[in-house]
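One chain, chain A, links the two complexes that follow: it is found with chain B in the first and with chain C in the second.
For the complex of A and B:
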């Protein structure tokens, strides 16, 4: 199945090969989970992913993905003053 | 009626003729009107941080006529602030940020009161500083202060208007434990120390805090006026590159350590220990006792003709701004793959912008068995200040 994933904020730096601001299209086996997708896209970096959205809804790593899902991955972000 | 509204009492508030002229565009909207403007005047808001987010926040809240604004910061205005911290100007370089900000706010609106707290916001002073205010706004730059601000708001029963930014993205929400989730419901644990870069390290598009800060200011004004739908229980995720705003519904975490029924946190804790990092961005990072070399020590060793290799772990676009003669660039992200190019028998000095990334590089090499390592304390910016003033600092 095919899903699209967008990386935000500091997560972008792990995939400098991706065009800035563009989503990545991923081919995954049927019944793949959000955690599988993160492994495929970012490798073993689960600690840096704090917010996982599937089609705009907060989900956990066990969430099973479906064809056409839109995934957004965010790290925690703390900047603001300096 | 929202709980926040009950705290604010506009009964005894009067507006002068000058104030009525000033707030004319509010007063002619029935959703604000005279009653709403008096509520704004009766309200008090505490801003934690007078930097990127605090700039638009402070200025719009002052202009809107918030009666009392508190400013917490302990920094001074630096040239590198001016690209986005529009509350400060070139003339205020070197001044305390709270003084510079206070002068700007009183210039915008002399009818308000501005209180300043030139000190770090810590577990020791936070409750006392925050207690008199109706609304707390989080415009800080680090995880320990964000958890501290959250816990202060939960313990005192106040709304925490949250905003944070990094490079091209921002987040905003209103964490108000009496009516919805808190920051810990969304982020129960801080990220591992050093994993998530700060704006000082990663940069930030100058206009971005303007967008997020004005969203926070809007929420503060709505909460005070009691109009519209507040961002309680919703998280806004802003992507400036694609100009999209994604909204996510947040739920209260039934196991939240501070705002659930079974909360175990009853008082403020040690947030630096909790997050494993200091409660403010250090411009200059140390690699730990015995591993640092100062710019002057490095210059002396180079003059003596010592054979040492300087490895610059910054990115190519930073190398273009400034670099040390004779240094070699291996960006931190490539270091693991290119470690084999280094000779562990040779003295190696690691260097970045301010010493934080090179301290991490040192740790990586040390773990890999390298021993003849030093971290340039304060990075190339300190080198430029202390040894080679022909280089710019950034």
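For the complex of A and C:
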């Protein structure tokens, strides 16, 4: 199946060839998870990825992906206050 | 008695008589209200009728520091500005970092209370124990940066200056207090109070230092907190690299990024206005506040073109308010609007939100183009910047309306439903239609729809302290109340920046507070102190005339999101407001019960409230 992934903030340094917001198209086996996708794109760096959206919804690494999913990844980021 | 952490003194300045005197304050209050926001609010509550005119000569204006301000504790740079808010009519407490707060401590004061009104423009020069009133005639009309430079030239190059810009002089209800050239205690219109008093600036120089009760224990705790902050991926990672604007793409991708005056929640033009774009295109370097390793401030420049300029920012809220909220995706125009707000001394969040409101009023035909002088449409960057100039200069009847914020603007044209805020304060860049915690918080925050009084997005997105999905309603009442609203009230009272709290908790803070002051600050007490401060602010607002009916959201937030990943989501405030009141120990009208006030030791204020 085919999904797209975009990298934000400091994760962009892993793919300096991509412009800001430029999606990367990935071919994955059926039933592949979000963690599988991250492994394929970034290698063994799971700790650096903190926030994962699939089609705009927050998901965890075990989330099974579907054809055409739009994935967006961030390191730990925050704003406002706490 | 040896006094540590605090100086134990306040400076009372009568602008009408041009007199100043040093007074001790009752240190018994320290363990009840901590300092900063809590103690300054108590002083205001005690000294000013909450129903009085915020811009009247009888109003008071308090600058306050926390017990950790200036100690060298990590990120302890904050000072607060407390008064009755001219924009909202609520209690105001805006705070800012930089170097001004520590310097006030070094001069020997925890608080400075300004009273009365000067007949002519004046600035106050606090040089340790000596206080001078000097003419500000030649400073009137200057930007904060120019004022800062001129005042330091006239006093001491080492002085730290807090002042107002032309916006505050003209009593714009969006005016803030600017310190260290470009840092704003921005919200609630606090700068207009200085303008009403003809007080252009306060310069301070202190040769003293802050005493510590147990220096060894303090520094061990301070080093522990420092280590936690520099090892934290948010505090020492994304804040340093991207500032808060790293959130732009994230909140937008989630479908929670208010766009075109909250008509939509996704902005197609967000990417070029994001933190990544600011870093790539505008960033010159970072700047840090006193004793802060984070250095989140972004010194930026637009080097050429019609929007040329230089300043600090924009950050998440202002790249949003002049960007998505106005439908503008031109980053240079957004930066220019932000720089202009610094020059006028205006709250750039409310300023952008007011332009966005004006754009909707114009597009719907509620404001004739002849009132504005040009077409003010969503997405028009040039018109957006022109509107900020009108606002800052208070030029003409429409400029005067813009300068007083979107509530009054929308009401003037007969469409108050287009005001996107609570208690006359504009909302921030987290949609309450998506984040149910923010919906309840905006509705109940003591200074109106402010995000930094209890930013539940930390839990609803980043999972701090624990992840709770944004759409969940169950348990949000307690989450809003305790780990966010009450906790923030405590932290704001210590002098520590809220940005430290992504890495440290009350435990680390009390571990510094206790040895700094020699007082019995503990984790358990900090929870009660935060609750007490929140309730005190609530009592001020109730006495100022606010009621449960004011704890609400704009009608638009109760309607479904029209599109994007969160289509159909809406704020469900009605389902948890009464539960929130009950958890707070308030009756169904939102008034603290006698039992609650006795529990908090606020019976004296309750007596006044009755």
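Just so we're on the same page, the second predicted complex is superposed on the first by the 76 of 82 C-alpha atoms of A that agree within 3 Å, B and C clash if a C-alpha of one lies under 4 Å from a C-alpha of the other, contacts with A are read in each partner's own complex, and residues count from 1 in each chain.
One rule holds for everything that comes next: contacts are C-beta pairs under 8 Å (C-beta built on N, C-alpha and C of every residue); 3 or more make two chains touch, one makes a residue touch a chain.
All values reported here derive from a predicted model rather than from experimental measurement.
Shared-chain residue A:55: touches chain C; no touch with chain B. In the overlay built on the shared chain, the residue A:13 is in contact with chain B alone; chain C does not reach it. In the superposed pair of complexes, A:78 makes contact with chain B and with chain C alike. In the superposition on chain A, contact of A:29 is made with neither chain B nor chain C.
In the superposition on chain A, A:21 makes contact with both chain B and chain C. Shared interface residues of chain A, touching chain B in one complex and chain C in the other, are 8-10, 12, 20-21, 50-51, 53, 56-58, 72, 74-82. The touching residues of chain C, counted against chain A in their complex, run 233-234, 237-239, 241-242, 244-247, 249-250, 253-255, 271, 274-277, 280, 315-317, 428, 430, 451-452, 455, 457-458, 461-462, 464, 469, 484, 487-488, 498-499, 501-502, 564-566. For chain B in complex with chain A, the touching residues are 49-54, 73, 75, 81, 138-143, 146, 163-171, 186-187, 190-192, 195-200, 202, 204, 209, 212, 235, 237, 239, 241-242, 246-250, 281, 333. Listing the residues of chain A that touch chain B in their complex gives 6, 8-10, 12-13, 16, 20-21, 47-48, 50-51, 53, 56-58, 72, 74-82. In the complex of the two chains, the chain A residues touching chain C come out as 8-10, 12, 20-21, 50-51, 53, 55-58, 72, 74-82.
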